[in-house]
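Below is a structure I'd like to ask you about.
Labels A, B and C are assigned to the chains in the order they are written; within every chain, residues are numbered from 1.
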Amino acid sequence: MTFVKTLSVSALALAVTAPAAFAEWQPRKPVEFIIMAGTGGGADQIARLLQGLIEKKDLSPRPFIPINKPGGSGAEALRYLQDKEGDNHTVMMTLNSFYTTPIIQEDLGVDVTTFTPIGLMAMDTFLLWVNTDREDITDLDSYVEAVKGAGLDWKVGGTGSGQEDSVLTAMMEAAFDYDVTYIPFPGGGTVAKNLVGNQIDSTVNNPAEQMEFFRAGNSKPLVQFTDVRMPAFPDTPTAKELGVDIEYYMQRSVNGPPGMDPEAVEFYVNLFGELFASQEWQDFCTSDGLTCDNFMKGADLASFHSDNVVAHKALIEQVGASSITGE
Amino acid sequence: METILVSLGGGLMQAFEPLNFFMIVAGCLAGLFVGCMPGLGSVNGVAILLPITFLVPPTAAIIFLAALYYGAMYGGAISSITLGIPGASTAVATVFDGRPMAQQGKADKALMAAAIASFIGGTVSIILFTLFAPPLAIFALKFGPQEEFALMLLAFATFIGLGGDDIPKTIFSILLGLVMAAVGFDIISGQPRMIFFDMVEFQRGIGFLVLAIGIYGIGEMLWTLESTKGQIQMHKVSMTWARMKENFGEIKLYINSTWLGSFLGFFVGTLPAAGATPAALMSYGLSKTFSKDPDSYGKGNVAGVAAPEAANNAASTGSMLPMITLGIPGSPTTAILLGGMIIWGLRPGPLLFQESPEFVWGLIGSMYVANVVTVLLNLALIPVFIRVLAMPFTLLTPIIFVLCVLGVFATTDRMFDTWIMLFIGVVGYLMRKLNYPVAPAVLAIVLGPLAERSMRQSLISSQGDVTTFITRPISLTCVLLAVLLISYPLIQKVVRKRKAAAAG
Amino acid sequence: MTVRTAELLMGIATLVLSLGLMYNVWADGLRVDWVDGRGPGAGVWPFWLSLGMALASVATLYRWYSGATPESRSDAPYIDKDTLFLVAISAFAIFALLVMMTYIGTYLALMIFMFFFVRVLGRHSWGVTNSFVIGTPIFIYLLFEVALTKYLPKGLPFFEEGFLWIDNFRYEWFY
């Protein structure tokens, strides 16, 4: 099986590499690789891994320079990219704040559907985690019971009001009809540490942020918010299996500023396509619980983005912006 | 215990393998060089690492990185002392006494104190790290927002005596720093705050380095230009063997502060989120509070250089602990380091010690060696560093200005911050002429965000109940210590007055 | 302007700044009071600390009025003529450097800046001047662009093209 996978992956890599040889456009100066989040988070880790792979595989004649623009849940990065209209040497690693930030901050003046979609590198997933010390909580039912019993004393950690996990937390509050206290921390890693240290009671972390604690037996997943169970968590039921209709993903895609030249787009699509198919990237996806089955690009990715903008608008309206910001 | 020694021995052997040892020396040199540029620190130095990563095995790469980290930490002290510009937030406190010493022609003594104190701090810290890493990691987990806030209170309390003699102006300076720290996006409520003129750049906030380089880089240079009328000639120092020997003899002047800084630094450094800056500041404050001669601090007391330097080196070793054992980066540098480890297929986390012992012990072993190499390099290079002070001022000034501008640009990649830096530099200079103390503002902007965030996190989790800070044992201890420290100078004054009254 | 006048003006400026900050926070609609069950709102920290700044400014103004501080009694000039020249020219030079970096790129800006300081202000010999005017950009290029992979501002497209022409040699020869 592994053999077949390797074979197909390398065949794919070959297929993607071939046209790269004919691509005419190549970067003439270092490429700014904007990250719309701070250092150390999931997006940052991925961007720096990709940058390293680009260098290692010698895919670009000029280096990619990762630049963090975390201000305002990515607002700073979005505006920066918008103002770079027509620039062929800037690409951005995005996450879901790509959709939510322009909705919550209406006067930002950014329309992400005008950006140039390049490639969807992965879909990240969310799981509900509690500390393994909580022996009374074994599944979703006992979790909901415990939360309802604790009321507002139940503390959910997250990465900041208006961020993806606060949206998901608000969705859960609506679905299970309970209210919790949401405490923002500066990053997913800090959230994980506070869960293990019992400073908070539960969290909806990405797998990568909890993986090591999970392997060490410090935390346990209760539910995954995916369509089907992930290979990394075969024993954890999905919300759908339990009759709760919550499915939520984090997209990790690369996008360029509006009005990029088609030749440049082709170069970047080929480059990230090749990275996507590489053994290193696929290994990273497997170990981090990312879903990397399908490298979406071009018109597909554009419609994916516009669908998501609509979906997030509806979501935010439904749960109410105030339940996300908390004030 | 025995297993630790065996593993450590293995780690040390690794460090002395030719390739690894070469990486240590190269890393220390690169770190020193980058660290002594104003604004550039180990975060930038990591960029040098990436190409190297693909040429050498992971252990050699991480050893290079650890050495670079150390080198940069020492290097920060060099620009603090010779130029009066803290290269990183960890080296702010080193300016307070380092700069006056350089102006008095004692730059070599200050540099030497910094090197020796850093060495002792680093060594104490690695030993503690080797022996107690797992239990300390468990202790660090007990540190929630409440404890963090109490620790910040403690940090502020150690600084009560730092301000100038004009109390309203000192208060203004502290508050200004705290308010500036709040500019930008509030992560607790998700709302933008104080976005002046609707400029989206303010959402990022005003970084510590922008303020520190503005005030100490630009402001300090303008100040020096004024006080010397441009005819400046720094006191030259000639390095002779006799002077070296004399300098070694002076170690006893600052050995106590060094021990204090070493232990305090390690302890504070191991706490996630705290890190080396509060450690260095607290160490300076405590050293001053408990000194026999507190008034000499800030005017060139060598203990005021040793205390923060011992602490920041100890803390930077300590901050590797949460990263290695928990996978939580304690600083931006360790965050990038974390990314590097992932490229190498290593997963920092509670299992790293068991699953990749060779890597962990190789790293620990190389920290011992890197520490020794850096102190030797430093002592050897002191004559080179003080040559900088002998440069004609008309050449030194533009170089410093250029490095300030580019250093600020390099931290955030935007021109916006360089404009803010210039503005702050000029305003800071004008205020300083009127006896507004500037140091409190710089400290406040470093500690402010930590303090505000942890306070609000605690209160949200206790649903607005203020007693949360005194019902948790660790937090209560810190609060009590803070109260004691704040009242200590008052008590001292009262006691002195009584004595004076009794004598008179 | 005497130090005494400067102290008054600075006191007024800090007071206005503090009140402005308070207004800014309030006008943004941030909560400046205690939120039930959540502790302080988003505006509490900046708002009330700005109030503290305002009070500190008022105290400074009062001390100016009553002559309690040495600055408020001093009739010495705030900035004397020689100093004003040195400080103003330095600040202006940095200002010009930043403007030039934005439009003609870092390296040309650095050369002009160094020439101004070393030759015009410092009156050093042509040998020293030339080595600094040429050496500084090279050093900065090697440190920032080559070693630390930072892309410094290159100015308008015309100047950027010029730089890229030179930068190409690096990639052609060394990679």
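Miscellaneous remarks
Throughout what follows, a residue touches a chain if its C-beta (ideal position, glycine included) is under 8 Å from a C-beta of that chain, and two chains touch if they have at least 3 such contacts.
In this text the structure is predicted, and so the values were computed from the model without any measurement.
For the pairs A-B and A-C, the count of C-beta pairs in contact is higher at A-B.
Chain centres defined as mean CA positions place B nearest to the mean of all protein CA atoms. Subunit C has its Cα centroid 23 Å from the Cα centroid of subunit B. One inter-chain figure worth recording: subunit A and subunit B are separated by 33 Å, centre to centre, where each centre is the mean of the chain's CA atoms. If you average the Cα atoms of subunit A and of subunit C, the two centres end up 37 Å apart. Along subunit A, residues 152, 181, 326-327 each make contact with two or more other chains. Along subunit C, residues 31, 35, 37-38, 41-42, 149-151 each make contact with two or more other chains. In subunit B, the residues that touch at least two other chains are 188-189, 191-192, 413, 460, 463. Residues 3, 6-7, 10, 14, 21, 24-25, 28, 30-31, 34-43, 45-46, 49-50, 52-53, 56-57, 59-60, 63, 69-71, 78-79, 82-83, 86-87, 90-91, 93-95, 97-98, 101-102, 106, 110, 113-114, 117-118, 121-124, 128, 132, 136, 140, 143-144, 147-153 of subunit C are the ones that touch subunit B when the two sit in their complex.
Across the interface of their complex, subunit C is touched by residues 28-30, 32, 61-63, 65, 152, 181, 326-327 of subunit A.
Interface residues of subunit B facing subunit A in the complex, by the touch rule stated above, are 50-51, 53-54, 140-145, 184-185, 187-192, 200-201, 203-205, 272-273, 322, 326-329, 332, 335-336, 338-340, 342-343, 347-351, 413, 453, 457, 460-461, 463. Note for the complex: subunit C touches subunit A at residues 31, 35, 37-38, 41-42, 149-151, 160, 164, 167-168, 171, 175.
For subunit A in complex with subunit B, the touching residues are 39-40, 44-45, 48-49, 51-53, 55-56, 67, 69-73, 75-76, 79, 104-105, 108, 152-153, 155, 160-163, 166, 181-186, 189-190, 192-194, 196-200, 211-213, 215-216, 218, 284, 287, 324-327.
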